[in-house]
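Reading through the structure tokens given below for one structure.
The chains carry the letters A, B, C, D, E and F, assigned in the order they are written, with residues numbered from 1 in each.
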């Protein structure tokens, strides 16, 4: 019955990668806590880099400086 | 003053249906807990079926198999 | 498959009232969007009034003034 | 290490305004709780006015009546 | 920079189990999306079984019937 | 009408500090986006250090090593 929310920046994550995140975290909850996969819910939010801040700065700006 | 967040898959929910969810959940909080509708906040998130997992699987795939 | 999170202040909500919120919101999602109750998840968070602000003020202080 | 999530209606917020929110809330956490900005994470969600309710009503409708 | 929120029922999860969830999900994000563990944040919420509903029913009641 | 959720570790935050967070973030939203404080909602979650991970590690362990 767990609910897992994964927030990541919206930078070209593929459908296959999302499937791996869903499968992987569902398996983790089963392995560690014996949770039933059938009722484990996973929601992935992809967030625009303008809308994500770390260190007081937008990720958009961080990415520019590092490229 | 309650805050309610409703997460559903993004599968053609209409504006009228969203209005019914907002009205319905606001009324529920008033009926059960006597909460003031004026400050009851409801936020609906529509999530792409690639980004929603249940049973370790993307809803996109679930929908394919069941159609 | 919906996920609903209800945040309310921690002010003596009973187990029976929580049951009514869970039942009511699950029924609402079924009625409006034909969602399957079996996989509808509801999580209620009760928040200390010191930790809830509205109008820039703690609910604890609001309650004092109004009592 | 704080995590701050800001939900606002999707009504033309500019990149510069988002930068100010990120910078401002990161500075607030440092000022009040001495939290390290380097690991302070801010996520801004912009929500369609059809999907935001207050007083049991969609913000879309509220905006119409007030304009 | 990902943020992961894991919600589970409050039923005796140990500190060691929480450590495994944190380590496991951080490793998953690195493996699938090459995310830097140093800035991956994980928050686990343990929710009272009275406050968690599935199928329109409190988990507290579900547990009683199944025991 | 904004909703702001602040998650911090549960390490002795005082009522007065919470009041400053609520007041500060409400003022920020008014200053940057002209949002009405009367309907700005702030919720602060204090999270046990066993339940918060960064760098794949519990904050409880991080704190031990650094003390």
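General observations
As a convention for this text, contacts are C-beta pairs under 8 Å (C-beta built on N, C-alpha and C of every residue); 3 or more make two chains touch, one makes a residue touch a chain.
Here the structure is a predicted model, which is why all the values come from computation and not from measurement.
Any chain that touches subunit B and also touches subunit C is listed here: A, F.
Most remote from subunit F, judged by the distance between CA-atom centroids, is B.
The pairing of subunit B with subunit F is characterised as same-residue: of all residue numbers used at this interface, over half are used by both copies. The chain with its C-alpha centre at the largest distance from the centre of subunit C is A.
Subunit B and subunit E have Cα centroids separated by 21 Å. Centre-to-centre separation between subunit D and subunit E, using Cα means, comes to 26 Å.
Those residues of subunit F in touch with two or more other chains are numbered 1, 3, 7, 21, 39, 41, 43, 52, 54. Here the touching chains pair up as A-B, A-C, A-D, A-E, B-C, B-D, B-F, C-E, C-F, D-E, D-F, E-F. Of all residues in subunit F, only 1-9, 13, 17, 20-21, 24-25, 28-29, 31-33, 35, 39, 52, 54, 59 touch subunit D in the complex they form. In the complex of the two chains, the subunit E residues touching subunit F come out as 15, 18-19, 21-23, 26-27, 37-46. Across the interface of their complex, subunit F is touched by residues 1, 3, 39, 41, 43 of subunit B. Across the complex, subunit C is touched by residues 7, 47, 50-58, 60-61 of subunit E.
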